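First chain A sits with chain B, and in the next complex the same chain sits with chain C.
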Partner chain A sequence: MSDRLPGALTRRPARILLLAVALCLPPFYLDAFWLRIGLFSMAAAIGAVGLSLLSGTAGQLSLGHAFFLAVGAYGYAYLAGEPGPGLPPVIAAVLAVLLAGAAGGLFSPVAGRVKGIYLGIATLALVFLGHHVLLTADSVTGGFNGRSVPPLELGGFAFAASDPELVVLGVPFGAEERLWFLGLALFAFTWFTAGGLLRGRPGRALAALRDSETAAAVMGVDVARHRSAAFVVSSMYAGLAGVLLALAFRRVVPDYFSLALSIDYLAMIVIGGLGSVAGATAGAVFVTALPLLMTRYADQLPLVAAPGSTEGAVGPTEAARYLYGAAIVLVLLYAPDGLHGLARRVREHLRRRRPRTPATDPVPPPPQPAAAARPKEHTP
Partner chain B sequence: MTGFLDNVLNGLALGAVYALVALGFVVMFKASGVLNFAHGSLLLFGGYLIAVLHDDLGFAGALALAVLATAALAGALDRFLLQRGGLDEQSAHIQTIVTIGIDILLFTDLARRIGGDLLPLGDPWGDAVTELGPVTVADSRLAAIVVSTVVIGTVFALFRFTSWGLSLRAAAEDLEAAALMGVRLGRVRAGGWALAGALAALAAVFLASFPAPGLERTTGQIALHAFPAAILGGLASPVGALAGSLLIGLTEALVVGYQSELHVLGEGFGDVAPYAVMLLVLLVRPTGLFGGKGAARV
Partner chain C sequence: MNDRTPVAPPALDVRDVTVRFAGLTALDGVSFTAAPGSLHALIGPNGAGKSTCFNVLSGLCRPDAGTVTLGDTELTRLAPHRIAALGVARTFQNIVTTQGTVADNLMLGRHAKSRAGYAASALRLPSAVREQRAHLARAREIAELTGLGHHFDSPVGLLSYGDRKRVELARALCLEPRVLLLDEPVAGMNAAERARTADVVRELRAELGLTIVLVEHDMGLVMRLADDVTVLDFGRTIAHGTPDEVRQDPEVLRAYLGTGTQEEEAA
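What follows is the complex of A and B.
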């Protein structure tokens, strides 16, 4: 149930190509505001895919994702910048991702043993302790004010605005336009690696672990090793997302990497549908873009006041939070498999309707997967 | 030495307040298998009601109304929202995440109303202090210890001696068997949630009274420290919650009290010390100090 969409896409290479071309177009038509929304969404999608592997597929509730994002972001800023070793940015980025993975690995004594809700709260500790370290280890993290992030350079090509302006097809290419393509490449990498992981042996082993640990162990799955490995891989995706976020923000501050960020990521995978790459992506775009769009169009929305207006009014950020809090509650109670499940149900509905016209036997309804076989009717 | 006694007494008072919140977590978890992430916001809701109402109704009236209202809100949230998702163990995990959504909704609304204000609760203790031999304690701290002890004792008695308590314990042991014995799971659950809500509103009083400056939007987040307290003791164990809360309260007070000696750990380590303690305990006992082993069944 986890990988329908990527599977369907690879069967139709033409559709992939079309999608890739469509995703390459925005930098030529949209301004920096929209590109930044796209960038943040892509970074969030990478992180959400990582969390989806861990919480959706392997069933390990994690509220510590913000910590691993912070390790990636700060790792890159420190390794590539001053004060710090000042490594070449590409190497620093790779090391930052590995560092996030290592942090996940260090947590494995806890992650391998502690289960369910206990694990959720244990990872909560990571966020608070990590935030404390970010605030106090001034020499590395820059303390409360954070530190600036050096731009990424790849073979002499910098992902930042350059002085002799780079113009491609009549469009000036600043930092956002360049980073868009970097984000796209990293996101494509995430999409295919995570899809492969989910479809292959590791994905099946993790799903087996989620459904029944004892049964999985009997089938020959090394429980502790797989639980830890899921944590390491998920942390590495989080680290990658952290690096991309740091590049997009150009500055990292401790307060960004708070519990609220962890909850945002949990909301993404829940709204999108647990355990699916496409769902995590959709959820990431929804959760990331919603507040930014609401802020931008606050003056045109009914019931929403412009930012900074009279006290007691519902501002755009609040309106966005109401919407997405409500989205979590409604999605979980009425469509527990999220946007991904909704999309699948709509597709199945259409597919069932189409063969009616040749007047053959009615197609029997497809067997429902166990998770969807709830007695409750889905109401829109 | 007086410094040490001061810190211990502070720690006990803090632990007593955390115990109110942590006991709430445990009651809800026993009743429903759900860990309520909206508990901090419920606490804030209770505190906010007291702050708004105490001018008109007096402190006692406002407190009574707030406790009832918070209990009703918590019970209703469970009965009309969470229970729609099913009563079995599998859906309890999903409902735990639903409470995160509820928390976002509740907190956003309360934070919008409170804004950057500090709301006084009008409690009768004010900033008075009492001399107890060599140590000086704030009256509000003493009240916290006394009230918490009485209330927690009452809750334990409810568990032990009432039919509701028996139903709750039966449901926590085995949902299906309890249902077959005629326990109305839905009602027992909602009752547990209502009780936890009442405890949260009560805890708000002590979290917002002296030496805290008043109720602010972050007061609910302080209640997050009760998470480690509840986990540390073992989520399904009321006694564990009590022990965990005292441990967390003492740790926090001592770390804050001896901050200058503990400078290596950085400023403000007191805020995160509970989490460090919890991680250490979980490393040794993955289900908490008083948590059962739980045999694996297929």
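What follows is the complex of A and C.
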């Protein structure tokens, strides 16, 4: 919220362009394993931005994020696939996102009235309900074994291994390479829209609700309406993340969308820093990539067993959970505003150090909470 | 962004308002009328029900009996955000600002005046961007008017107490109110800050022709600024009139200074 509106715009386009170019490079240099990590991270980032909007900006806890991810993922798989209506995949994807939003809207009588941690408890029910439905509604969800996800097609171009065969700059473009660019586009869309929301009228209303419901109401903010709206918007981002996840997995199974997934998303936004789009992204990459990397390098890590072995040591996935559990504790203790706040403080610290020569220019004291003034090294 | 109404603001009429909290009667049949464009002060010792009265006026508290009307509109059953949309703005006794900069807080004040919804803001439609820019300009004007111009982009948390109080006032003004409710605007301020705030309030009346209802303990300020004064004690109106009339009212003197009767002890 505190981002200056105009000012920074002059340098930003250059930086954004540079970032965009850098993000387009990996498919040309990295193999499918790394691309898949990137893809899952992008999907997680989209979902985390949605949750950050709800929990960080509006101050509403949700443990039901996995449910809305499932609605998006299964919604797409059902609407575009067989058995199902077999709609054109793009339309199915859009409808799946809207479906997730509608599911959030159905919950709005609760989401509009219930506050903070109580909403967390209420949304807990959604996860169990959703999981049960996924397991039992065989004809739609495929039951325990889940169902396969049809690839996305856009005007005859499939985001799959072939059809049409595609070689760009000597690199054969398979499913991962193509999906990378799709993920990038959706991710950019998420940044664009979430930034607009946060800096616009709705974002201010939600932040006001979080800081003081009374002040917000007296300044003309319709409390229940904005609470529900935040929930719906967050559900739609979750739905979009779900669609991308489904495309990346190529198969959706009920057990993925468990309470643990909701907790993962909360971990992402806590580690990243509540209420910031960049923080949610950083947290999402951290929480998503860590278990995958540890699985890959399990044989080279001490105290971690290779996947599938029964040596009694800690499996890579559990080890990753321990690590980001530790990360959460460290963040809460030393950087309550997450990686985002940490980065900002380091930046300010550097800026304060640099202009020592122009003595006439008094440097204003940077805005920082007194308790967390010293910069910390990065969390593991 | 000049959407101030040139016509005189409607009268704010409070009729027989009663509020009970469990066994306690916080307001007991309180009535007064703030005439259009006047400054009506509401005074009384601590616990007299002044803030409760403000909570009723701004919709935060529903009265058990009685009505509040603004012109022809009854406010009593409306939600706070609807009352705000009708042009009733208020400040709080203990500062209630949100995180972020002064600009963020003032832009919150523009909420009821702006329209951009979720879709328009998310997609950054030209209409939403234009609206935001226009409202930001108006918020800056209001910051200048209240002496916050040079703090416009500062985080509210870094401002002095007096300045934060002024942020609340400016935020209320951002609503372009027809009726302004000020809950102890100078409490805790030093003499210089008090004088400055009094000047701002006086200017506001002169320039915008607002109806102002003021709750304040600083009697000097009340006597200098107010057109009418209503005195509350234990939720009841004990006196009403011009500042001079009220100053000589025996009931008021008793409520403020005490007379040592049994009635006083019993209460």
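Here, the second predicted complex is superposed on the first by the 346 of 380 C-alpha atoms of A that agree within 3 Å, B and C clash if a C-alpha of one lies under 4 Å from a C-alpha of the other, contacts with A are read in each partner's own complex, and residues count from 1 in each chain.
The rule is simple: contacts are C-beta pairs under 8 Å (C-beta built on N, C-alpha and C of every residue); 3 or more make two chains touch, one makes a residue touch a chain.
Because the structure is a prediction, the values reported are computed rather than measured.
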{"item": "Touched partner set for A:335, first chain B, second chain C, both or neither", "value": "neither"}
{"item": "Which of chain B and chain C A:204 touches, first, second, both or neither", "value": "second"}
{"item": "Which of chain B and chain C A:212 touches, first, second, both or neither", "value": "both"}
{"item": "Which of chain B and chain C A:196 touches, first, second, both or neither", "value": "second"}
{"item": "Partner chain in contact with A:110 - chain B first, chain C second, else both or neither", "value": "first"}
{"item": "Most chain A residues touched (candidates chain B, chain C)", "value": "B"}
{"item": "Partner chain in contact with A:73 - chain B first, chain C second, else both or neither", "value": "neither"}
{"item": "Which superposed partner A:93 touches (first chain B, second chain C, both, neither)", "value": "neither"}
{"item": "First, second, both or neither for A:220, with chain B first and chain C second", "value": "second"}
{"item": "Touching both chain B and chain C, residues of chain A", "value": "212, 214-215, 218"}
{"item": "Residue ranges of chain A touching chain B (in the complex, touch as defined)", "value": "61, 109-110, 113-118, 120-122, 124-125, 128-129, 131-133, 135-137, 212-215, 218, 259, 263, 266-267, 270, 311-312, 314-315, 318, 321-322, 324-329, 332-333, 336, 374, 376"}
{"item": "Of chain C, residues touching chain A in the complex", "value": "58-60, 79-81, 84-85, 89-90, 92, 96-101, 104, 107-109, 111-112, 114, 116-118, 120-124, 128, 131-132, 136, 153-155, 157-158, 171, 175"}
{"item": "Chain C contact footprint on chain A (complex, rising order)", "value": "1-2, 4-5, 192-194, 196-197, 200-205, 207-208, 210-212, 214-223, 229, 233, 365, 367"}
{"item": "List of chain B residues in touch with chain A within their complex", "value": "35, 81, 84-86, 93-98, 100-105, 108-109, 112-113, 115, 224, 227-228, 231, 235, 266-269, 271-272, 275-276, 278-279, 282-283, 286-288, 296-298"}
